[in-house]
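Naming follows writing order (A, B, C and D), and every chain is counted from residue 1.
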């Protein structure tokens, strides 16, 4: 029988479609638009140790086939999340991925330890080493293979929950950062987070975003994401989760062929909250029509010699 | 009086609009659509020491608000160019920028020496350290600050022509590669060349491009280019030339405000060969209306504190 | 479950050089819509565009929005032809607290008049006395004048250049309202931020409750992405503010809670 | 100077489920166009779409193209409404060497019939005898049948499933042409690459000159970007090939020079 079920290492998903971090908060609003039984998983908004108010002023700018955001990790902090949001996410009948971001390595370790008290409600922890919108930590660690390796292995030692490492595309070689994550003990890598970009208002001669720069997401970045997913897939033994500009079932198939065991969908969910279900339906149709298990196409890309 | 004249170091331009390398070949075809007197300059197709046939098979894929190309530096070689194309370019009544790309450092030095025999016809040499479509050289040198520094200073020693260094965006820190170019003796940097990307055909499960990957250009990359131009501007003393996704006068103004002394227009010229003239007209109107010298807005971006 | 609707455009009527009223057929939205809420409308650009709901009729299944052209998206939307199907999310956001009011004063500027007109219609239905004050730049800029005049117990209009109604802004117009008319009134104001701020201060000085509808650049419009934040007073605090979502916690806020 | 034209769409006529003929008013193009040339047409996507010119009339200023729906761009173009203004570059590329021919045999498949029809019309004007052979998948796929029949001295049609004309492909149809008819003929073929290749071999075996029109993914369409290359025999060489631009050096090539 055909199916759209996939696995990311030990985590089995109803479909390859995961809602990306920061694009559904903690799932409450989205749950008013879709049911989650055919959704592979849902990532929490990026959490920090202490609550964060996020960045001031304008946080969004539209760009050709894309958007820049500079939310800056507004979130209630990991403890509040555990007390108030985790149970709701766990009730959604899908895999729960908790996305965490730190100012420094210790933050990640501390958050992972606290989350480790709730392994029954958490299917994976996603280490966000790639948020471009906070001045400290995160992307700086995320562009250094040695820091990634050390961080991941330290976090690994405090939790039994599968660890996914979310990589930044703003590096010379994502294969190297991905390998470092694997060496540190990651169970999977997620590629990619947003590309660092800027928008300018010519009337005020100021950046549109109060944070000056922001993260570029949406269809515009898909070709870069697809290339990076394939680069990761070719060097890694652990699964790759694709992300970046996915907005329909063809995009999902492209990422899976390039090597993604599953995909995360961000901007497209923001714009069309029901799209994950539509895509799930279309993927089922595709699997049916082509009489395949969707997971069989992972990494089937045949490069030209 | 208002004007749209600009300078890039010692090179004075009728307008900030330069036709980017690889998007007008050697200007013959474009000269049937526009006259060049209000165009700042024209960059030759990327030249190599020996002629190159370029890549096999499909070389272009459309992407959301962008395109991938993998031409792979098809060109007749620098000597043929000097004998057959340079005079034509020099006759166009605009600045002539010769774009060169090498397999290794020596290639660049050799080409620069040969071009140095024609200083009367060449206003600048653009060192393409960023072509993503050839397997050897180029982008590898272009992602290493130390190799850039050495290469530029070696080329500097064999030619008196202004040297522009065209940077790749596929690096962790473009500020560092830009600084290296300046330290090597570059007269200006050009930011950015294309982002490395991939497109996949789900029916064949093959990359659309026979070269597997290609360079992403067009409006999709504008936010990344704008951010990088500003990063370069903030660390450099030499001028920055902006490039990436420019398709109208607002885009030009954004790049100039971000710090570009001039801009290069690529994909947009491909699609609308008359667009440089339209933009020139609109910039004149803007300068008129705002009673400014266009060059006065270079780097006027006020970042948020 | 909520859904993303494919609404059919029924009519697209030009009000003046810059503005148009678009009426859509979409029973789900027409039935659920309440004054103060907005819809998020697809165009060719990636992000949807938010517009306050100007009218909604559960019987006919129609709702309308007023659109002023300020950029690419609104230019395209004003050119939509009848019968076109448009993706719409809505109704979104919270509502004006009309039903609790004894008397209402609506103060609108610019595109603020559209959502206010929906509120006014509701007040009329509920037989709540209502005064309306609308400010425009000039006579060529006015819209919905007749509608407001017909529905309001009293209607004042001001123009910046004086070529229609009171010469000045809405505050100048408000000064023409007597204390007895103000008594027990709730102020609801929608328009440019500086106008709302001034009206809020004016209301504060007179001890009148005042509600405003904020505008922020939005992406999702439904509370998921946190790009549309406004600084709002923390519950139980006088000087501490927190980031609230304009789309989901607003767009209507008690003016006293807003950090302008 | 050449220019990018804003052509007005005059009519958009459906030929079958997948294909339509679009007629534009654009005197500059209508006057200059020659058979074999193409135009590059704007749609919402970034890159223009190339289409062979199907007819051009200098008097009326009209030219037409046939469009088969295969993806996003062609879907949108088939929905263009009359009166719409469309950005067009053209006429582009080289031409079929019709005027030098004593007799012509046109062999078309799929969308190849459109540019061939322009060539046929020209042959008629020049009073050059012309046989036309068109191949389709099935009867529902056919287009321009009547036009070809009316203008050709002889017209043969084949369908893959045999539900119209000769059961088989264009080669099967070609076998019905007598040697005397072939004598002195120049073959011009446009269609799927495999078909053109087979026709070229067929012509080669009979010592007949054969010209083909190649299709490549294009960006500029005017020779600047080098993305549309074809492998073409180097002048003066028998086994060395070089990259030529389909858009500017072609799309028409002598079949003997093409590396398939």
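Operating definition for what follows: a residue touches a chain if its C-beta (ideal position, glycine included) is under 8 Å from a C-beta of that chain, and two chains touch if they have at least 3 such contacts.
Quick caveat, the model's predicted, so the values are computed rather than measured.
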If a chain touches subunit A and subunit C alike, it appears here: none
Contact distance in steps, from subunit B to subunit C: 2
Chain whose mean Cα position lies farthest from subunit C: D
Subunit B and subunit D: spacing of chain centres that average the CA atoms, whole Å: 36
Length of the line joining the C-alpha centres of subunit A and subunit D, rounded to whole Å: 48
Averaged-CA centre spacing for the pair subunit D and subunit C, given as whole angstrom: 56
For subunit A paired with subunit B, centre-to-centre distance based on mean C-alpha positions, whole Å: 34
Subunit B: positions in contact with at least two other chains: 61, 65-66, 218-219
Chain-level touch network, classified as line, ring, star, complete or other: line
Those chain pairs that satisfy the touch definition: A-B, A-C, B-D
In the complex with subunit D, residue positions of subunit B that touch it: 22-25, 28-30, 32-35, 45, 53-54, 58-62, 65-67, 69, 71, 74, 218-219, 267, 269-274
Residue ranges of subunit D in contact with subunit B within the complex: 1-4, 45-48, 87, 89, 217-220, 222-229, 242-243, 248
Residues of subunit A touching subunit B in the complex: 57, 61, 63-66, 68, 143, 170-172, 195-200, 202, 204-207, 210-214, 216, 218-224, 226-227, 230, 245, 250, 253-254, 257-258, 297, 300-304
